[in-house]
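Common to both upcoming complexes is chain A, partnered first by chain B, then by chain C.
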Partner chain A sequence: MNTKAAEKKMRSTKSTVLLVMACWVVVLLAGIALPQVVGTYQLQLAVQAATLGTFALSIAWLVNQTGMLSFGHAAYYGVAGYSVAILTTETDVPLIVVIAAAVLISAVFAFVVGLVIAKSPGVAFAMLSLSIGMLVWVATTKLDSVTHGTDGFNIVFEGSFLGKDAMSYINPVTSWPVVWSALMLVMALFWFVNRSVFGRRLVAVRENEERMRFSGYRTYMPRVLAFVLSAAIAGLAGCMAVLTSSYISPDNLSFHVSGLALSVAILGGIGSIVGPSVGAIIFVLLQAYLSGSSNYEFILGGALMVVIIAAPGGLAEIVKKLVSLVMRRRRAAHV
Partner chain B sequence: MFEMRDVTFAYGAVKAVDGVSMTVQKGEIHGLIGPNGAGKSTVIDLISGKRKPVSGSVHINGEDITRRSVTWRRRSGIARSFQRISVFPEIKVAEQLEMVAKLMGERDLDTIVEALQLESALDEYCREISYGEQRRVDVALALIGNPDLVLLDEPAAGLSRNESLRLADHLSALAREREATVILVEHHLEVIFRVCELLTVMAQGAVIASGVPEEVRTDKRVIEAYLGSASDA
Partner chain C sequence: MVIVLNGMAFGVLLLVLSTGLALIFGLRGVINFAHGAIYMVAAYIGLTISTEANYWVALVGVPVIFGLIGLVADRWGLRYLTEREPMEIMLLTFGLTFVLSNVVTKFWGTQPRTLEPPSVLDGTIEIFGVAYPTYRYFLIAVGLLIAAGLIVWLRRSKTGLQVRAVSIDRSAAGVVGVNVDRVSATVVAMGLAMAGLAGVLAGPYLSLSPNMGVEILVLTFIVVVVGGLGSISGPMAAALILGMLNAVTAVHLPDISAYVPYALMLGILLFRPKGIAGTRSL
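Now for the complex of A and B:
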């Protein structure tokens, strides 16, 4: 609109991007150095949290950006996981190609599903996504010859992956840099998508789909594409889970898995890119240190209730509010 | 030129629009009035594509657009505002205007912003601005892209008398400047008589009168159905 204002805005946008990129590099490197300061058990927990965080972020991003609440995202997580298992067992293709193909298969499956369900608004979409999730879960239990049924798949990886023995990724010291980098790359991807023209238009569709259509924008395909992107990331998380455990079973596709990822996303902050990972860390720690008495589920449920009532934006919102409070006080002290 | 030919629409068993025909010439500001439930907003919905008629047809410049989608119509120059304000609450005013401007290839957003006095609201989120400003953002979103036909559904609803008249003046100036055809649904008769060149009056889903405002004011059927108190005043 106003040229001077636009120039000022562009300068400020540029400096924000540079600052965020610098922070991102520092956090990425600090994370990669984690094995230097923690033991193998803690690193194993970190691998679990990063995988769950990636999966939770895929669901949270979809809700936050489009308002589409998926209760069946474990289907895409599982389709990719099973694709890795089947392709590894049945072919001699290098693991990196297998993982890329698995993510692609998950995305194609999501595209077909998205074409059917992305037109449905609100609760109808949530219920349809749940139904698809249940169908895929049932299929994995019944198709014994392909999926090994309820016994699940024990996978023997052969060859190397990113310069290391593929089977060694079961060791968290080997797998941590990969799952951590994958999570950081997904965060960066979503951050850029959110700031892109496509991302802003998705928010506008979420805010007022009718007005967007009356502004000349076809809303259906962007919703499908957002769903596909989210499912592809869920698929990547599924690949990471299989890579680091060498195992997949129908349990990985159950409603419980989708519900858990959604819960940790809400706990950490569904509207933030970092929030779902924070929720995943808390869940994994609770599970690890309190699972003996099964109190962790009680505590997680209680924490979820407190967060939803007191801070709907999750722990990320509480941290954001605390930071801005401290900044305000500092500024006031300087005046 | 815009034309509706014998259009009928029903909500279940209730006929909301019953054989409505209407012609609006290019560049005309045409008022559509009538008591509550007359079918005015449904007519706007039928023209904008939000609803499809049961029978009859809608034409613009001779082309039958009855089955065309909402987005096709908007891209072909038919834009609308809404009776219930329709904006993007969590997006800043400037961003939403720019977003729609980009979609519609609008190059002169400043004129719309100035005409609707939205300069001070540009950096605010839509949920944070006043009701009157939100109304003006809704109208601005409709005016972006230089549409040939602008459908305004009660743009002055909820505004004070002064705000309404100011908005009416801005709208008529902008419509003339951009050579747009306007169909204006409004309960605020002072606004209607101030800016409209021709009026169509509806009651119970049907057109009961049409013509220049002076004629319509004195039409017996109109006085009976709707305008009695206003014409007395």
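Now for the complex of A and C:
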């Protein structure tokens, strides 16, 4: 490549970054203004969707960037949630510290798990992640003295969080700006990680682990670290869920929770950063709309199968294809 | 004695299920996440058939039905998806899990149900002064027969040889004249038939609930990992070991018995990552 072309490419990447950042700020602000437009019930749904979207994104990012398909991510979501519950009940540390600690606990736990299971590629990883998820679920139902067993935890938050009464986060009007900003920050984080050297290296390992090893790169630790990052974000989502519902029970850790988030991520599109959230919005709306019927699992599973067969990239891919089709038509019309 | 029999009974059930899973994995490189859900549906269909007709019809009929479904699913479904990533097929079976569990709650409700064994197998048999439910003897016998039959089939018959060949190298087997598609269809049908059989066998032994699929799925995964991916006899041995451990700890260490399968899995992963008889490393 000659220097001019290289310079042009540099400029275009720079302008992409600026464009994406500008879009990001606009969307963030537009989202924060949402309570002006919609009612409390819709806002409640939005909070749910943002929490689920964050969780789904953590799973989608992991599989897209590293090829590691986790069927047990609810473990990290739940470990953080229970950490918040236990720390707020047992100590009087400020909530913000508690949440930071909970995310950290999730990350440390994931590090230990990752050391054992990140060695295994593909199929084995999927099976092992599911088993670990079930193990954590079994532990939460059995350890009555710590987790209150299947009854779950009603948490009484005290003090303030980000300038507001901590208990008031049950109200979606209070929690929405925080939850929404968290989701947007996570998206930005993943976007930058994907563009970083670390992100590129993860993709290279995913594509051909042997080649990377022979080229002198470490392949094991980056995978473990990617797993830890993903679990920490899952933990953050778990904290959001506990904060906005002030309740946690082993149901939050069950296979269904992991599976739901994974399905939502696939529906929206694993390969994109916005996709999982779109999937989450669709799911939450669908669930609200079908509240009377018990068929949503059927619809979710069916939709999942159709998407995997027909459009493995999920809705994000469908939209992308449509956009490029329209663009091509337009260009053709201009010529 | 009772502990050993209990261990055998549960181990044999795991054996029938996990062998089906391992067979399909060996051939298609895909783990069927819906295996547990299929087993659950089979148990419920078995329940309906045995209340409408009788248990023996269910015991024979359900595996046949599921075998046929497997044939059809392979011929008109999986065959077109061979070029897809194994991951996508796994997710496909995962979606199926949701659909099936919804079907079960829709038609049979969420209440736990029990399947009554036929009167011949109801009651107990006394051996060496220990009374033990007849049905569990039956379960152990059927399971071990199936296992033995399968091993003989894989080792001695021509189709068995072809199955092993395709498992080792799909394209090479095709080159030397094995009809890979037909072998695949046979194996998927066998795998599903075994899940069906396991469901009907489990009916009178465990209670039927919409969670039974997920619960046993995790155990079969552990069995397959411990036994070794890519092997059939490994998971068979692992299933019996796990069943035994389960029975022993349930009596002697009830507090930790729920964790034992996981501990076994982690131990294997740390000290022998290929599993007992695995051919490919994890």
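Convention: the second predicted complex is superposed on the first by the 330 of 335 C-alpha atoms of A that agree within 3 Å, B and C clash if a C-alpha of one lies under 4 Å from a C-alpha of the other, contacts with A are read in each partner's own complex, and residues count from 1 in each chain.
In this section, a residue touches a chain if its C-beta (ideal position, glycine included) is under 8 Å from a C-beta of that chain, and two chains touch if they have at least 3 such contacts.
Since the structure is predicted, the reported quantities are computational estimates derived from the model, not experimental observations.
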- request: Have a look at where A:A50 lands relative to chain B and chain C in the superposition and call it first, second, both or neither.
  value: neither
Partner chain in contact with A:V284 - chain B first, chain C second, else both or neither: neither
Message: Under the stated touch criterion, which partner chain does A:F298 make contact with: chain B (first), chain C (second), both, or neither?
response: second
- prompt: More chain A residues touched by chain B or by chain C?
  reply: C
Message: Touch test for A:G216: chain B only (first), chain C only (second), both, or neither?
response: first
Task: Check the residue A:R201 against both partner chains and state whether it touches chain B (first), chain C (second), both, or neither.
output: first
- request: Tell me which partner A:A126 touches in the superposition: chain B (first), chain C (second), both or neither.
  value: second
Message: Show me the residue ranges of chain A that touch chain C in the complex, using the header's touch definition.
response: 63, 67, 69, 71, 116-117, 119-120, 122-124, 126-128, 130-132, 134-135, 138-139, 142, 255, 259, 262-263, 266, 294-295, 297-298, 300-305, 308-309, 312
Interface residues, chain C side, partner chain A - complex: 25, 29-31, 33, 81, 84, 86-88, 90-92, 94-103, 105-106, 214, 217-218, 221-222, 224-225, 229, 258-259, 262, 265-266, 269-270, 273, 282
Message: List the residues on chain A that touch chain B in their complex, please.
response: 1-2, 197, 200-201, 203-204, 207-208, 210-211, 213-218
Query: What residues on chain B touch chain A, complex-wise?
result: 48, 50, 70-71, 74-75, 79-80, 82, 86-91, 94-100, 102-104, 109-110, 113, 122, 141-142, 144-145
